[in-house]
């Protein structure tokens, strides 16, 4: 029963939502919209559990003075402070909440994003070694594209920029689309396996 | 440690330090590399060039966020400079909720610069006459379609909460009929929706300024003529800055050009490190084989 | 001097036809017409509508010259309408004859998705065929996937070193199929960690994914008879902010120094940030994603990368269950059929035969 009930719910809802996709009638659309709203409600309840986990984890860390416990203090303080500010002073465009979001959180996010420049260079230095034929081809393509898209690439050869653009537009797009095809079929297969109860590892436990 | 081992195992802190210098240096040195102008950027520039002065307006949809600001913000500034230099009125709007702050900043940067150098009222840019920023609107598909009937119907108030009925510009330009081109500056799929809805229904011309990652997806639209031009990434912005400089619409290059100099320096550095790493790798392998 | 004034009158549009807009929820009518003979002189076409109980036509929209269709999406299904198209040039207006009487209604089946329905039926049939073959005991070949072969070795390494295993099921919510596939792999990894009593850290961005992954890990421990070894701390919720999540993962990697990192699911720009941080701690890294833009970063920074559909094949590959292997074969044959259709249409396009318009499919 413990496994049969979730499998049955999964099958029924999966089949119903597949059928809903093909019916444009308002009844079908309203049903789909209702399911989406239920999902949002479920996610809100799940958020309570998730926040509970976050508070429990960091509180234990502070209590036991584990490595990095001051960061846990910062985490919990920020979480409670932002919640209180949003709840009591509102989230309007000119509110303190928005001010903190725009002037602290957004620049922090941009800073993390900026780290990519450093990580790309160290990853490229470490990974782009001509160990095999495929690695050499990867290396050559990377060189051509990098040099072709730079301003002085045209000084090395006037054919380099159009060739670099061709690599991005043709072989690169073709391989991306090939992978996307495989991903699409894999997605369909996974979804059907779960709906039909063939795939049960998400339930956990023994068969 | 042998020399080839040293160059194949350079400490990442050394790499990051040199990288930091390469990124910062172009901001303090004046060197300029002539940009290779891509055809799609030139196409967009030529389209704006072909718009008669004081006639139809250009609509710019500011749909980028702070994360993609380094690529899209210079595009916005370069476009605004081009339009204002040619006395083309500009109407701005946004469908991305994070964009309005950036749009206001871009418009203020350009208008303040022009008005500082203006000698008379005729040289100045007047809000409501030469440009208007309408702010953010939700429900972008319905809004795009309804703007074909009436822009003021979709945006009864501008970003600063003033009634748009008081603006001479919006009395003159109230739907796509008086808009020469809509240019979308975005890191997501907004241009596709503009092509799908307003262009197919009202025939309005569409241009785009996209991040480098998104740009390849829109090459087919350039080929079919559905896009009248496109800037891709910081390079596209730098190319546009070069074009407006060479045509006398700006006195100096913008941040994209400096950013491209940094980017070019970093690319050269990465290439040098990759070459060093491979030289070290080959010599190490050769040494291993000779020892066997 | 006499001036002869030539009056040029525009011709009206003709053959106005109005039909219910197909494949929708009602409240929409599609109008098409033949453009005026003087279309090049026309400014615009104004669309006028009259309900059956009205006496006058009201303007509902306009199109520019050259456009010969319009969708009226504000109709009442209970009313009947007629339409007139007015060609406008300066102050001249030329009205067409009224259209047929029409009313809008919702459709039961979206005919434009018929090709999708056929694909789903064909695919389900393939699934049925190969699953029944697998049930009968037919041996099904699956090629080696190095990334999945390395899972056992990776878990063993962490156990020997006495360090934890980090598992990140991607930044996608539970409605992403790659997240569900990642849950399947998490189940297998959690079983192994339970067996070897290796610490596990599962980091989640979304609350629903957190609850699902917690249940998956807990059940894995129960299945191995190690219920008391399961700790609440193994599965953590971090934050929904993309780069906040990346920063938190980096902190966990640098502080807890896991011996093995699994990055399996949907990733965005933060992929290289977390993968490259993992290399700093000399962890063995196995990544898998269906995001084509992030694959190059994982290939550069990780020891093994599952590319696209290999993520979806993982569950079958790791468990070697006959039913799952059968489903995997069906996936491959489905791709083969798609490939044959693609090649066929490519040849037809080369021969300039437009089969789609012949078949009148959308």
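A, B and C are the chain letters, set down in written order, and residue numbers restart from 1 in every chain.
Going forward, contacts are C-beta pairs under 8 Å (C-beta built on N, C-alpha and C of every residue); 3 or more make two chains touch, one makes a residue touch a chain.
The model shown is predicted, which means the values in this text are computed figures rather than measured ones.
> Quick one: point me to the chain whose Cα centre is farthest from that of chain A.
B
> Name whichever of A-B and B-C has more C-beta pairs touching across its two chains.
Answer to which pair has more contacts is A-B.
> Whole-Å distance, chain A centre to chain C centre, using C-alpha means?
From the centre of chain A to the centre of chain C is 14 Å.
> From the mean C-alpha coordinate of chain B to that of chain C, what's the distance rounded to whole Å?
Inter-chain centre distance comes to 28 Å.
> Measure off the straight-line distance from the CA centroid of chain A to the CA centroid of chain B, and report it in whole Å.
Roughly 26 Å, centre to centre.
> Where in chain B do residues touch at least two different other chains?
Chain B, residues with two or more chain partners: 12, 67.
> Give me the residues of chain C that touch two or more other chains.
Only 269 qualify.
> Quick check on chain A: which residues sit in contact with 2+ other chains?
109, 113, 120, 122, 124, 126, 128
> Could you list, by residue number, the parts of chain A that touch chain C in their complex?
The touching residues are 18, 21-26, 29, 39, 42-43, 46-47, 49-51, 53-54, 56-57, 60, 67-68, 71, 105, 108-109, 112-113, 115-116, 119-120, 122-124, 126-128, 176, 179-183, 185-194, 196, 198-199, 201-206.
> List the residues on chain C that touch chain B in their complex, please.
Per the touch definition, chain C meets chain B at residues 44, 61-64, 66-67, 70, 269, 280, 293.
> Show which residues of chain C lie in contact with chain A when the two form their complex.
Against chain A, chain C makes touches at 23-26, 106-110, 113, 116-117, 120, 123-124, 127, 131, 175, 177-178, 180-181, 183-184, 187-188, 204, 206-208, 210-212, 215-220, 222-223, 232-233, 235-238, 241-244, 246-247, 251, 255, 269-270, 272-273, 275-277, 279, 290, 292, 295, 297, 299-301, 307-309, 311-313, 315, 319, 323-324, 327-328, 330-331, 334-335, 338.
> Would you mind writing out the residues of chain B in touch with chain A in their complex?
Counting only chain B, the residues touching chain A are 10, 12, 15-16, 19, 23, 33-36, 38, 66-67, 69, 101, 216, 219, 235, 238, 260, 263-264, 266-271, 273-274, 277-278, 281-282.
> Would you mind writing out the residues of chain B in touch with chain C in their complex?
For chain B paired with chain C, touching residues are 12, 67, 148-149, 177, 201-203, 213.
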